[in-house]
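Below you'll find the structure I mean.
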Amino acid sequence: MLNDIVVEARDLTVRFDGVVALDNVNLKLQRNELRCLIGPNGAGKSTFFKCLAGMQVPTSGEMIVEAEVTTGYDPFRIARLGIGIKTQVPSVMDGLTVHENIWLAARRTQSTRKANGIVDDILERLKLGDLSRLDVSTLAHGQRQIVELGIVLAGDPWLVLLDEPAAGLTGDEVERMVNVIKEINDYATLIVVEHDMHFIRQIAKMVTVFHQGRVLIEEDVDTVLSDPIVRDVYLGKRR
Amino acid sequence: MDYAAVVIVEILYGISVLVLISAGLAVVFGMMRVINLAHGEFITLGGYAAITAHSLGVPIFISTLIVAPIVVAIFGLVVERLIVRFLYGRLINTMLATWGLSLLMIGGMTMIFGNTTTGIPTPISGFTLGRYQMSGYNLFVIFMAIVTVMIIYGVLKTTRAGLIARGAMQNPEMANAFGYNTSRIYMLTFTAGAALSGLAGGVMAPLVGLNPASGANYIAKAFITVISGGTSVVSGLLSSATLFGSVSQIVTFISTSVVGEIALLIAAVILLRLLPTGITGRFLKDRV
Amino acid sequence: MKIDRRKFVAGTAAAGTLAFLPKMAMAGETIKVGSILDTSGIFDLYGKPMDKAVTLAIEELNAAGGIAGKMLEKVAYDTQSNMALYTQFAQKLTRQDKVDVVHGGILSASREAIRPTLRKSKTLYFYNVQYEGGVCDRNIFCTGVTPAQQAEVLVPYAMEKWGKKIYILAADYNYGQITAKWIEHYAGKAGGSVVKTDFFPLDVADFGSTIAKIQEAAPDMIMSALVGGAHLSFYRQWAAAGMNKKIPMASTTLGAGNEQVVLTKEEGDGILLAYSFSKELDRPENKAFLDKWQKRFGSTDDIHELAVATYQGMHLWGAGANKAGSVERDKVVEALESGVSITGPSGKITIDPKTHHVVTDVHIVEVGDQKMNVVKSYDQRQPVDTQAVCDLSANPGDTTQYEIKI
Amino acid sequence: MGGLKEIALTIIVGLLLMVLLPLGVDTFTLTVLCIYALLGLSLGFIWGFGGILCFGQAAFFGLGAYAYAIAAINFGTPWAPFFIAIIVPALIAAVFGGMLFFGRLNDVYLAVLTLVFTLILYKFMNVTAGENYVIGKARLGGYNGIPGFETLSLPWDPSEYIYGDSLFYFSLTLLLLVFLGLRWLLKSPFGRVMIGVRENELRAELMGYDVRMVKTAVFAIGGGVAGLSGCLYANWAEIVTPNLFSLGQSAEVIIWVIVGGAGTLFGPILGAAIMGYLKFLLGQQSLIDNTLVMGAVLVLAVLLLPRGIFPVITDLFTRRVGRGKKANRKSSRRGRRRREGSDAK
């Protein structure tokens, strides 16, 4: 099972009006891996994420998920492969309650009765019980992030894609997020896009660093974080 | 050969009419992301202004080219202050409110001018092209369309006011920070759009029988032309007017005018289906 | 004096209802004349003068002693140029107001909308408008001129004057389509030909390509059956291209709504028309009519063909009812079928018993100086189009509107 | 669940209306108000709950009316045409909507294309006066429309026509049934998905829902309801004309929904009834132009009452009665403006 590749990008390239956002990216991901994608702003990590999630059609190259070529798939077809996706800006249904949000995600594959059960489970797991009857629009940013995570989990995905899950979270919430991510990784493969180094240290095993649309380095977390080039990239660009 | 020349002039004329009746809407949509559904009635109002002025003894070219735009510009200014300014950034709400305004104007013009169809005589006589007799006024319409496009392009591209306006539309906060009053810029842009509509109304007045409901004939075509053109004012307007004007006129010559109009509408459906953000959403992006 | 008497009668009637007369007795007091016209909206140009014509005719009939000794009362509704309101108000007229006759309807669509309602409720219906012909229904009388009556005189006259090749422009609806056929029919009869026929929906206002196409076909004359405000643009664009100096034109429709006043002299002069009425008609009945209208409404500017047809339709009904001595539908119909005729502003008009249409004078008219000058008059033209398909004395149960095959 | 209670309440209110309304207004007018209410409901449904702003709802109204008239002339019986008049517009809405939604068209582009669709039908129907425009035995008739078709009658006794009072009861019953049906639909899983799509298309998509299909289905249902409304209209007016497809007709539907309140089902019904009756009243005077008043109402509604009348009334009501937090929260949630949903993103 060691070489069980579940996600593979082949020569993935994205151009916007002459600007190259992704430049021949090749990347492989093994089952049950937890992979972090990092890099400064504009490095291409979010574009890569969008290509995988079906939110961006690559100019050339291929995306393969479990031997199925998914290049150009619409997001709903990606989702139907059993992939859960959390976007950068929390994408939740504002006018609905927390309960309704998560229920809708569960109901797609389950009967109404089972969906209700799943929602109760998730509300408990994410400690959202108190908020379940509130409109999502009334919640703070961090709470919305957690709700979105709940939505992702309700679809019972085997592959979870998280774009900046820790952005805007309070200390407590970050801790909860770290635990949940680790918990998910027990049974699912994860890709996390993040640039909060502190957060990455807590969860990462393998890290892929993007820079100027290319993969700069792909190593375990300690190697990457002590790499001088990576430091330069980060310092040179920002922070 | 003569017939071919006649057909070409008619096609140019078709394009020019689309340019004229869409210009005001294009400026307001392109610069402010506001769709003014009372646009057709603005044009009609321009027509009535020209006819009224003419019947009061004002020379015809002053009535159509000066009085009409000024009257409609003033009306546009009032509308902007009373209605539109409360709705910026809410595209759908502006459409609905201006649709209401359009009904209101139809009702108002009916009460003032009555339902009778009126008009003014054509001030330019016909000319001969080979063995064909052509309307000289058609050439004037083509000329006015060119002038209108040049004015819009000139103002946006070369004047300080145009530059500020373009900046303010793209980034209102930035413009505010630089000390420009964006509310005032919006107001002036809307007024300028209204003036263009009034000009169209004045120029078209000698060609058509005008009644209060005439606006409906303009708004659908203008709306389709502008949306299909996309958000670049000049290049969007020119490209879609050229496309639709040619399609409808050519089909009209082959078949009948209704088939021509239906061809225009179908062309619009196909175009927007293929290029959901209009021609300049896809091509010619960074033009004015 | 008339007015005082009318007021007095109406007043007693009203007082009667309120005070002591039982309802049954009251029902016989006045005769209710329903009127259903577009007096606002885009057709008010036609509807307003027609409404005045109804008022004037009722006042005259009352002044002459009413019908069978009873005074007439007008019950009018404005349909606002909205077809949906026709059915609505027709129901109201028959069910609530229980009128004795209905005059009205302008567009053919409005007539077809209310004709079944009025037939079902056994309410006599007068449609007083120039229309496409072919309605065959014992419950309705159509007092307007029909295409054959116009084309029959206009086409040969114009062809003799201008030549044999005709280009037809017509409004793309029932009326235009049928009129175009009759023009073609009479052109053929007179040895001419139609080079092309173009139909235009009522909202078409741009005729540039048409003008080019006409020149390509090079006809000797244009026959126009264009209708409504948008189509008026044709006459202006035609003149703007200088074409009115090159190819002459005749029309069966221009002027029905006084359009000759909207066009300038340069645009309108020389166009030939055929109507049963013109204000310039030099007849004593017409002079008297114009005088009365002037006195009652202040100006005769708005009088047109349809208003006169309505005025005459009212008087035809009045003559029929007086002859029957009652306003009961069947009696009035019988009386009218016996061949009632009156002499109105347009001349003598007679009900044709087989078709319930009218036999009328038709005049060739030339537009000049924004007036409709009578050039030649033809007496007593039969409604030959409807006669070709309709015989109510043979089939009294018929209710169809026939499409006349020529 | 409050479902049974709601059904009971709707039926009681419906029965009351059946008895009380004819006392004040003639049934002929009431019938057309019911028909307008159905049409308003169809737009309220797709706009307020599906987030689809259709500028051409009149298209499906007209298609229903024409489908009924054409089928009735060909079959000579009224009931098969009755169902055809619902199915045909629904199918056409599905095909046209599918084309739009699978092309991912939104907002103003959707508005333009729905408007264009109506215009094409309007222009086409206006040029069908010639005798070559025939469907089966039915002449399309162009500008004059199609008169003289068989109207609804009792299925067991074709000589007993449903017209006058009975047409009003029939229309009101259908209105109530459609209202309850849509309520039920909104509470069903599909309804919730539909609301989810309105709230956030991307999220619904990421959950694995095919947003294009959901919207197409919603649009088709709206088309079917509008078709039913058109079918009743054809029976009421006994003539169908191209004016059913006019821009004015489309504008009126939108006015009803705005005045009543998008985002509720009851609002559009109320809006249609109020504005329809107002129009009728205005028709009986000639001092002020009818169109002017309609326009002024629309402008003022957008500026002053962007949520519509019904949500405001319910808010006032809940505040006064003070049914506690839950009721308040719910009504304010339902009443939130849906119109700008797509703009906000």
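Here the chain labels run A, B, C and D in written order, and each chain numbers its own residues starting at 1.
Everything that follows uses one rule, which is that a contact is a pair of C-beta atoms (placed from the backbone, for glycine too) under 8 Å apart; a residue touches a chain by one contact, two chains touch by 3 or more.
Note that the structure is a prediction, hence the values are computed from the model and not measured.
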Contact-richer chain pair (by C-beta pairs counted) among C-D and B-D: B-D
Central chain (by mean CA position): D
Whole-Å gap between the CA centroids of chain C and chain D: 38
Centre distance in Å when chain A and chain C are each reduced to the mean of their C-alpha atoms: 76
Rounded Å distance, chain B centre to chain D centre (Cα mean): 32
Gap in Å, rounded to a whole number, between the CA centres of chain B and chain A: 48
Interface hub residues of chain D, defined as touching at least two other chains: 123, 126-127, 289-290
Chain B residues counted as touching two or more neighbouring chains: 216, 258
Interface hub residues of chain A, defined as touching at least two other chains: none
Each pair of chains that touches, named by its two labels: A-D, B-C, B-D, C-D
Residues of chain B that touch chain D when the two form their complex: 35, 83, 86-87, 89-93, 95-97, 99-108, 110-111, 216, 220, 223-224, 227, 258, 261-262, 265-266, 268-269, 272-273, 276-277
Complex contact set, residues of chain C against chain B: 40-45, 172, 198-201, 203-213, 215-216, 228-233, 236-237, 239-243, 246, 259, 262, 264, 266-267
Contact set on chain D toward chain B in their complex: 53, 99-100, 103-109, 111-113, 115-117, 119-120, 123-124, 126-127, 247, 251, 254-255, 258, 288-303, 306, 339-340, 342-343
Sites on chain A touched by chain D in the complex: 53, 55, 74-76, 79-80, 85, 87, 91-96, 100-101, 103-105, 107-109, 112, 135, 151, 155
Touching residues on chain B, where the partner in the complex is chain C: 3, 6-7, 10, 13-14, 17, 115-119, 121-122, 124-127, 131-138, 206-209, 211, 213-214, 216-217, 249, 252-253, 256-258, 260
